[in-house]
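What follows is a pair of complexes built around subunit A, which joins subunit B in one and subunit C in the other.
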Partner chain A sequence: MMRRRAAQFALLFLALAAGAQVFQPPTEFQSGYTLPATPVPPPRADWLGWLDVGLLALALILAAWLALRKRSRPGVLLLAVGSLLYFGFYRHGCICPVGSVQNVALAMADPGYALPVTVGLFFLLPLLCALVVGRVFCAAVCPLGVAQEVVLLRPITVPSWLAHALGVLPFVYLGAAVLFAATGSAFLICQYDPFVLFFRFSGSAAMLVIGIGMLLVATVIGRPYCRFLCPYGALLRLLAPLTRWPVRITPRTCVNCTLCHDACPHGAIHPPTPEEPRPRGEGKARLVGLLLLLPVLVAAGAFLARQTSPALARLHPTVRTAEQVSLHGAGLLAGESNAVIAFEHAAGETGILYAHARAIQRRFDRASWYWGGWIGLVIGIKLLTLALRRRRTEYTIDQGACLACARCYPSCPVPADGPPEVAAPEGSAR
Partner chain B sequence: MTPSRLVQAWQRALTRIAVAAALLALLLGGMLIAHAVRLRAANPWTAPALVALKARITRDGARELAETYRRLDAAYNARYFAAQAQIARGLPLLGGALAVCLLAALLARLPRRGAIDPRDLPAPPPMKLAMAGRYAVGVMGLLLAGTLIGLATIPAPMIPLSAGAGPRATVPDEPTLASAPPGEPDTLPGLAPPPPLPAPPVNPAPLSPGPVKPSPAAAQAGAGLTDVLAHIPDAYKPHWPFFRGPAGVGLAAVADAPLGWDVTSGKGVRWHATIPLPGNSSPIVWGDRVFVSGADAEQREIYCFDADTGKLRWTGHTRGITGSEAVEVHQADTGYAAPTMATDGARVFAIFANGDIIGYDIAGTRRWGRSLGPIDSMYGYASSLTVYKELVIAQIDQAGADDGISELLALNAATGETVWRVKSRPVPASWSSPIIIPTHTRDELITCGNPWVIAYDPATGAELWRAAVLEGDVAPTPAYGGGLLILCKPYSAIIALHPGGTGDVTKTAVAWIAEDGAPDTTSPAATDELLFIPNNSSLYCHDVKTGTKLWEHELEANVYASPVIAAGRVYVLDVQGVMHIVSAARTLRPLGKIVMGGGGMATPAFVGGELYLRLDSDLYRIGGGA
Partner chain C sequence: MADDNATTRRAFLTHALRGLGLLAVGGAAAALAQAGAAGTVWQIDPDACIQCGQCATHCVLRPSAVKCVHTHALCGYCKLCFGYFESESIPDELTGTGAEFQRCPTDAIRRRFVEDPFYEYVIDESRCIGCGTCVKGCAAYGNGSLFLQIRHDRCVHCNACAIAAACPARAIRRVPADRPYLLKQTRAPA
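And now, the complex of A and B:
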């Protein structure tokens, strides 16, 4: 208990001290203008970008070897700390596969944006890896995940019903991030990354509060960001169940001891299902009903999201500026607006500004249909998957949710290095 | 099984390391916070003493305090940056201490193999919570729906349609017809209904070669020039009914045209008139009437001048049109009246930058008026109208291709009602004008946008073929000669296409591509043998059949007006108001250069051996034995 409290206090001190430095404005002698914090690290030489790709690939291979072959939790943890230091603190969390989703979305929507090859590889490599060896990227390479992993002190179990409900959010966030990136409005994932300010010792006060809050939550709930928010995790979750060489709790026969279930802080291990039969008609009727509900949910989501389009468009700086210039022109703008002042000083043409703003609004009108439809689809499919009956005879890993962190290995009482099984029983532990 | 003594000792050591690291982190954190407080107090930007001193120097002009201020400022800066440096040094130490603390704490807690006693294992938990999960997901769905509804209640940004329109929230999707009941002519309040319209003198015959027989006179006028002139309706040939002449491709069906004149001295000038409102539209001529449009941000007018005397016969306007809105055009080169009018001989039609379109009879009575706008065109709307049989055709390409609001409309020339409409043309705003060309089997309405050149049936609006060969801001209108459609990809290429195909002909219809570059605004003109294109202050001549460049002629100024081939010569008006005349031949032969002094934006009209010329607000009739 004392150790936990000490760690929590220390974290708080770190945050306060970092904030104390970050939020002091630099000395100004001329204009009174406060320099904003740089949102992204400065560009690097090309070869350093390729070095990052190489290190990412190497880290993924190492993570797969440690998690699947060596089954070493300390090894995974050591690699995770190394990744945190390099990709997090040294590389300042950029570029990372999580944010690269937006680069890819922008490149697909805007022919004028050329996706750097290295960024494309950062996006693809962990996804390809998930198809082969599962989510080893989350286990030991992603600095955001590792930041949560190392502060997990006393895990508590999130009720499965709550985990199911919160599990929808990463897909909603993914849709929103793609929407805003594709419309050229914002890179939401980077803007609202709760950990990147720790890597850069720089960020807004609001994000500092969110970051500290997320770390505090992560001390008792395993990887809250990865499980309930991370948009890249949503993609990995879709691909990981197809993995060729999945994580196994034990390569031998499961003795149903529940220890792995208790050791997994991520709710990725499901218990065996009860033996008693249930009426088949009940499940079929529910499935048919949910299948019929699916298009209704998609349509309702699309319709509702379309109504939000005007509000969402306001997040685009051009639309905001156009509105402020318009209100200023009509004498309806209370106080001064930096955007209006800058626009007037730049001698901008209001007609052209308005035309651009309207074009962006129309882009949002279209994109919001897709986003809403996507939300409806996700909820509908989630309901369907919860209505499907699966039979499990032993503790089974949910490969989509498993972060390959290797926490369950040491808890398993079945020695992994014993004589090989002759034939694994049906539905053996995976 | 209990952990071995070695493990216990190891765990104890790790625990002590964690506690020591935590204490060090606490100490460092406390020091850093103290430095942060000092940093804030020493901030020279907000320090009360410095602020007060600066205010006093500024307010009272106490310049003697400047040296005191400098010394104090330097002291504050030294303290500020010292504190900042100490924080910069302390943070990594703090991070290291915390990392050691966490690592030691975690390692001390790691379970060891064999430390778990599998005896008394609890029974597997039953399957549960699937239904609770569904309910929870349902509740999450409702929460998300509530969030979306909440977002939907936020008012839309107040973006006006134009700089002068003021804040507004919505944009009408569809233009509205101004005339009250369909079929009835639009009248302004308080005005008497117009008299019945005389039958148009035009034989509304199609252009395609089959049903049309050119008259001997017209055939003689167009002899040796191009196939297209031979196949336009006879009634059009003595006139200049559209932008770029009776065929709309920069060819004049005249046997003679003026070669020398002087607008300053009046030599060779038959008359001069002033156009009341500004505009860059070109004059059109029908019989004894010359029509031209003018507009500014508030007013939109058309003018009918007497071709014999130059006197203003009547003025038309767009006032009273339902749904009409002012727009602001920021491109002075375009202006509010860039589209050229069109006439079928009985009626004249005009469209303006805001999308107002009107139909007047040639006697000066408005027959209809409606708004097709406002048109979202970043440089201002500039596509000219054309006429086909009883149809007035308007190409309204606007906004972006993804916006899906570009369209092509055919209006009833008598009533202004929409006869057919092609919605959601897959092109962004363009400034090119539609033309109608006769192929051997049919008439084709050609429209140019980025990237599609699309041909339609002008009678029905049905798409005939399309080719993705253009890019950028497409303004040039195509030429037609030697059976080839000549297109300009701004700045990059001249492309010749075989018309008459079906479907996507991008890969099959291209006859040749000349990489010499193409203009961004002016249009090409062609005979059946030669192609003439002004670009970058030069006039280029190419072989129509092969695209080979034959010659280049220096013009000394850029060209926006379109060249016209008349009486075996090429007339090119540059932006400085200089008319360059060269022979329409395979070898370069300059025939004259007439300096008129600015305003050369409109394409001249050639009728009966004379030409009508607009230079800014001046309208000239040149030739005719003046």
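And now, the complex of A and C:
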């Protein structure tokens, strides 16, 4: 090490001694040499971003037409593969509506970041679609969804208690993604996207293991990421039950044959409820209890999440740098830290850095309250919806959970051709 | 009759909520159109960069979208370039330009005699892997005319740049797409 330093200094001295003009840019050359220009290849043209938006809109319209009007499973699958090729393999998975959630959160929290219109449209269009035609985005447009769709070999049914419990996770993940994006810490959804590395043919070893694991699970469980993790799916799940034109298993009368229930790998078709309802009083008491429990859950969630705030804040680069600089100052840091080197290179002042880190920590303190409260609220509402008993006389689609994959159509024995029966006014048939 | 009422009530609620949802989405779109920002791209601030070498290893592309860039107007056209030569093993005669004398691990810098005593250094981007080794040498002993930039003919514009997430200097940030480079400029006269 010493020898190397000595050699470097000797060379530096040699270079300096050779004359000051060595370091001065020559003003003019005798030989008529002209300075080459630095090449600056332009970024992807703006209109290509608009092309992506156009293709997204087109794919959504096509998906709605194929799933709801044409009722064609092969059609939906073909469009799905097309989307996988374009939005996945050709566009490398960016930008996608799932990740755009974070851009929206960042734009709302940080006035310094202006949301590009194309990104905003990627966020809004599938949500708009969910209000009108349901989750057709999931069916045939989202490359992450299609990646799982095409590997499903032998679906097994997830026990309903487990499906309900795991169904809370997307909302928790959504909260975390918004928390970290809004504080400018990280884009969790992008960093921990299990499938994007297949689109790019590159990624970390850890994410490869997670991605392969997720695909293996997806061979027996229909769309595990979409149902139990996807934060954008959480938003769609909230909007899709309001849809104007829902997915219908058959346009005619259900014969309660259970075939569609067996065909759905996503647990989105509920069987009819038993004839004899339980005594009314019992349900009411439970409902009141759960309503009282709701604020308790919110408070408990907020309190618990607040305890994790220091650990969460450490994911923010500034907080991490401040920690390392303070350790370095106290002589406790083993080895070299690039963050400390960068801080010293920028001639930063520790006082300013620490104040900045404290401000971020306070933001995390506040945001972790909200996040915990949100988790408590989601769990409370989940319990409430489980307690609410809705009477069903036939096999019914849960529009929030239905991914419009069109698998149930071919399973239905009621002939779909011919004009749909004129629906009798509900209630008068009985 | 009670059933009938219940159905109407639920239908009414659904319609109302859907209307609200559409209004919210429409409002968001309108707000967006007003805020209307153009796209952004990722770029390295050469003044903040410490050449830690992670640009070469953390990009989702192989080789990285980051390349060394040369502002010739800043270059000293040194005969003895510390961006080019490995400082430990410079040959006596300064004529040997073999791999053993070079800093660059991929032989991506072209050295050419211009006129006495000036030599021109040009980056061959097809060979550059963006490791920043030459940048470090140039910054330590020279004018700092070599620096790293994200090349937009290669960058795939990930929503979360993998290098930015790893960069210890936080030197990678979003810049407006119509000004996509942060080039080192000719120094203002003192």
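The rule we apply is simple: the second predicted complex is superposed on the first by the 379 of 430 C-alpha atoms of A that agree within 3 Å, B and C clash if a C-alpha of one lies under 4 Å from a C-alpha of the other, contacts with A are read in each partner's own complex, and residues count from 1 in each chain.
Assume a contact is a pair of C-beta atoms (placed from the backbone, for glycine too) under 8 Å apart; a residue touches a chain by one contact, two chains touch by 3 or more.
Just so it is clear, the structure is predicted and the values come from calculations on it, not from any experiment.
Of the two partner chains placed around the shared chain by superposition, subunit C is the only one that A:L127 touches, whereas subunit B remains out of contact.
Once the two complexes are overlaid on the shared chain, A:I249 sits clear of subunit B and of subunit C alike. In the superposed model, A:L403 lies in contact with neither subunit B nor subunit C. Contacts of subunit A with subunit B, set against its contacts with subunit C after fitting on chain A, overlap at residues 4, 7, 11, 14, 18, 21, 24-26. Listed in rising order, the residues of subunit B touching subunit A in the complex are 15, 18-19, 22-23, 25-26, 28-30, 32-33, 35-37, 39-40, 43-46, 77, 80, 84, 87-88, 90-91, 94-95, 97-98, 101-103, 105-106, 108, 110-113, 116, 118, 121-122, 124-130, 132-141, 144-145, 148-149, 151-152, 154-163, 166-167, 171, 327-330, 376, 378, 399-400, 402-403.
The touching residues of subunit C, when paired with subunit A in their complex, are 1, 3-4, 7, 14, 17-18, 21-22, 25, 28-29, 32-33, 35-41, 48, 50, 52, 54, 60-62, 69-80, 82, 87-88, 90, 114-115, 117-118, 120, 122, 125, 141-143, 145, 151-153, 155-160, 162, 165, 168-171, 174, 177, 180-181, 183, 186.
Across the complex, subunit C is touched by residues 4, 7-8, 11-12, 14-15, 18, 21-26, 29-31, 33, 35-44, 46, 49, 92, 94-96, 99-100, 102-103, 107, 113-121, 124, 127-128, 131, 186-187, 190-191, 197, 200, 202-203, 239, 241-244, 317-318, 321, 337-339, 341-342, 345-346, 425-428, 430 of subunit A.
Residue ranges of subunit A in contact with subunit B, taken from their complex: 2-4, 6-7, 9-11, 13-14, 16-18, 20-21, 24-28, 73-74, 77, 81, 150-151, 153, 159-162, 164-166, 168-169, 172, 201, 255-259, 261, 271-274, 297, 300-301, 304-305, 307-308, 310-314, 319-320, 322-323, 326-327, 329-330, 332, 349-352, 354-355, 357-359, 361-363, 366, 372, 375, 379, 382-383, 386-387, 395, 410-411, 413.
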